[in-house]
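By letter and in written order, the chains are A, B, C and D; residue numbering begins at 1 in each of them.
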């Protein structure tokens, strides 16, 4: 076997081992690479920034499962910090059956973090007043449409079993008219249904925090204005964390920032292997071995 | 406060405008005259294209808009004697939607400028009534599209029924189906057909069911085994019927085995884990991934590539196409998936619908370039595309 | 190292799945089969608590007899086991499929056709920024050529052939970009798992 | 009857849902809302059938002692245990059911998903070879985007991230939109054929 054949047919297990090493390494060797904010992240931040306090609510659809937690969970936390710090009420709900555990985790951990920093009673976050988590519902599109009539019709009780009508916040939030924007945090193309159904029928504003892979699919919708802002992947989450920190809504960065270093290493590794493969292929073809 | 008011008042009397930074620092919200002007021309009317119970208001700004706190909206039903405040807006706003009205009851409105809690009333509006509409006028263009496309489809389906042969260009992935089935038979190994991870209400799943029918017929002819794992219960029911029917149609219902069509799990990655298991243990010679897919696409396609199976994929999930393209031998891209059942079955009715799709795309191109070009000659047709 | 048995279960299952990268083995088989089982149990419970109970049995017991209709339609699924009337299963399927199809037609025209066309049309306003105007024209050409690639009822020769060739070039650039961009997302997931193993389980990072 | 009735129901449902889109009247909204609730219930019923098949498939494997049959016990036991736990003790956020979800299902799913990082690397290495013009375009654009979206892209050339973003938002968007438009027509045609009864593969059997 010639050298060029060898580098064109490296066993995949070698790649796998190198990749594992590189993903672990940055956890122990710290470097910080500054980053630029993407316009779509800025757009979402600006939109939330423009909502008047104690007015219409932000509806967050927690639709990610534990698999995409590293990307979507920091987004949820950063967004919640932003809303709570600006006194914007939050209505949480989920259409992915695997999401409620994570949604509760995000809501409760941000609530605790803010409460621990609150100096006055008014600054602390109260369930039912500052936010409500409605829980999970099957029949996604059906439920989304139904909420245009009455949220209480779809969710007669919240996640914890309280009657919706008994919650103070829900006295002011009846349907989409009282929702400034719906932000979908998802790993699947759930936002398209929000665009196709509630937005087309009720004119709901839609924004999203999506895994990096889902995000590009929404670029066309971003350009047409059907999507009012977008966080894409770990990078988007890290950017939103940075914005929230810079505007004084939080006192530390989240977990998305640290992950970006492993990212850089692995991208370099994959590119290196693509180059090796092509060099091998090129020389093998020159030697007349590989078919065109 | 008083001092600032005085300053502001003086500033207005100055012949030269103050520097902008001074004005900003003085806050433009301060009163300039003792009583601000009221907003004028209040018009009230039923909000169009809705389910009723909403009246829209429009007015023109108070001449002192910059110095007031906002506007208050007051309403009275015809039988009431007094006006009651129903809402307020910020300054600079000229519209309001009253969402708390009863259909069929006439209401009159007054809009007032607000300053320091005092209200300065406009003239009352003419009475307005809300009522629900039976047709959404903002969606006429969608209706026209549906009607036109249905007619187009009907025309070509009828035309195809009369027996005229319709041409379809070659679709590489489909030409390989026969080869794929034959190869599995030769190797004495099963064929794996994953009908996507979308439920039956995804049109891609329906398209996949059609292709499954065609593939199953070939399998019934060739005498090889089939594995169809399903993620959804309804899809499972349908795909079982489809496969069974294909075996019946080929005259070998006895060859159909219950175990060919399986339900796995609704959990996306549980499903993918099980497919990986099937591919490494039952070693299918050919894998079909046809339908709607999400992130699991590459897990399956790459494992399949590592087991050395011949792979044909087809999906309308734009995002998953790159992965199928890089890990599979052939990939039906986007609309090719929908053309596939027509291509495989050669059924004239399906071919006719393909023709209708082509004309639909032609119409899209004409509209795109038509509206773009005319806009440069001052004709703005863009609103035609807008849907409410 | 963690003393929490739940963390250990999570860590061991994580390693079981990772072992598939080397090759299929009994650990992976165990993890895979457990996954399928537990997931199905999970969905049984979820459908009970979130669909059947609140949307069927509670309204029925509250005297909303309209809900007899979905009950009957649902029960028709079970006629599958009674050969003589097994065709009745087609009724709930037809109901669901018809609903989905009817809902999707106006939705596709609105969100995927008209809105997308609106975003692609080039007008003098597009050229308020010259560079963006040029990009918009490139997009217009790209959309048109990609569409032409999907034109089925004519041989791709001549002008049609060149346009569709340009279309496939656009498609390939798009695919490459999507692929390259996705690497980031997938690595994020891996980082998440590694964070779990190194942090909560081994306690090497915080 | 056996074919006509389901086809008729399908036709009526399809037509009604299309018409409903154009009627803003409250009656129309109330109607569609009732239908949505029914659909949710129907989905739940169908699951029973599917679970039946799963039990039969694995039961058969165990009974006949087919290859790997002990693993089928794991599947069935896991399912029964999870269902029993959830139905007996409920699904509150501190319940055993949620604990199992978070500590068994979540890591299993998360790790399956994470395998993709490895698979992307091996797929890229194997498939990204400059064999033809198309393959080269794919390869080059993947490269540019990989560099551009990483923080180090900025250091290679300050304009690199902008270029990667341009590829994503201009040629990539154009091709996606083109594919999307084609798919829309394929989907609409399929949906129409279903409603009109031209496409009836979902009926299965002939009689």
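Keep in mind that, in the parts below, contacts are C-beta pairs under 8 Å (C-beta built on N, C-alpha and C of every residue); 3 or more make two chains touch, one makes a residue touch a chain.
Bear in mind that the values here come from a model prediction, so they are computed numbers and not experimental data.
Counting C-beta pairs in contact across A-C and across A-D gives the higher total for A-D.
Remark: subunit B and subunit C have CA centroids separated by 14 Å (rounded to whole angstrom). Each chain gets a centre from the mean of its Cα atoms; for subunit A and subunit B, those two points are 20 Å apart. Multi-chain contact residues, meaning those touching two or more other chains, occur in subunit D at positions 18, 21-22, 29, 35, 37, 39-40, 43-44, 46-49, 51, 54, 68, 101-102, 105-110, 112-118, 120, 122, 124, 126, 128, 138-139, 142-143, 146, 149-150, 168-169, 172-173, 176-177, 179-183, 185, 187-188, 190-192, 194, 202-205. The set of subunit A residues that touch two or more partner chains comprises 12, 16, 23, 65, 67-69, 98, 137-139, 141, 200, 211, 213-214, 216-217, 220, 223, 235, 263, 266-267, 270. Residue positions of subunit B touching 2 or more other chains, listed in rising order: 139, 142, 146, 149, 200, 203, 206, 234, 237-238, 264-270, 273, 281, 295, 306, 318-319, 321-323, 325-326, 333-335, 339, 354, 357, 361, 364, 387.
A complete topology is adopted by the chain contact network, contact being made between every pair of chains. Chain contact summary for the complex, subunit D toward subunit C: residues 2-3, 5-7, 9-18, 20-22, 34-35, 37-49, 51, 54, 68, 71-72, 74-87, 90-91, 97, 99-118, 120, 124, 133-135, 137-146, 149-150, 164, 166-185, 187-188, 190-192, 194-195, 202-205, 207. Residues of subunit D touching subunit B in their complex: 18, 21-26, 28-29, 43, 46-51, 53-54, 56-57, 60, 67-68, 105, 108-109, 112-113, 115-116, 119-120, 122-124, 126-128, 138, 176, 179-183, 185-194, 196, 198-199, 201-206. Within the complex formed with subunit D, the residues of subunit B that make contact are 49-52, 132-136, 139, 142-143, 146, 149-150, 153-154, 157, 199-200, 203-204, 206-207, 209-210, 213, 230, 232-234, 236-238, 240-242, 244-245, 248-249, 258-259, 262-270, 272-273, 281, 295-296, 298-299, 301-303, 305-306, 316, 318, 321-323, 325-327, 333-335, 337-339, 341, 349-350, 353-354, 356-357, 360-361, 364. By the touch rule above, subunit A contacts subunit D in their complex via residues 10, 12, 15-16, 19, 23, 33-36, 38, 65-69, 98, 100-101, 104, 137-139, 141-143, 145-146, 148-149, 153, 159-160, 201, 216-217, 219-220, 223, 235, 260, 263-264, 266-271, 273-274, 276-278, 281-282, 292. Taken in their complex, subunit C has these residues touching subunit B: 17, 20, 23-24, 28-29, 31-32, 35-36, 39-40, 42-43, 77, 80, 89, 93, 96-97, 99-101, 103-106, 109-110, 113-115, 117-118, 120-124, 140, 143-144, 147-148, 150-156, 171, 175-176, 178-179, 182.
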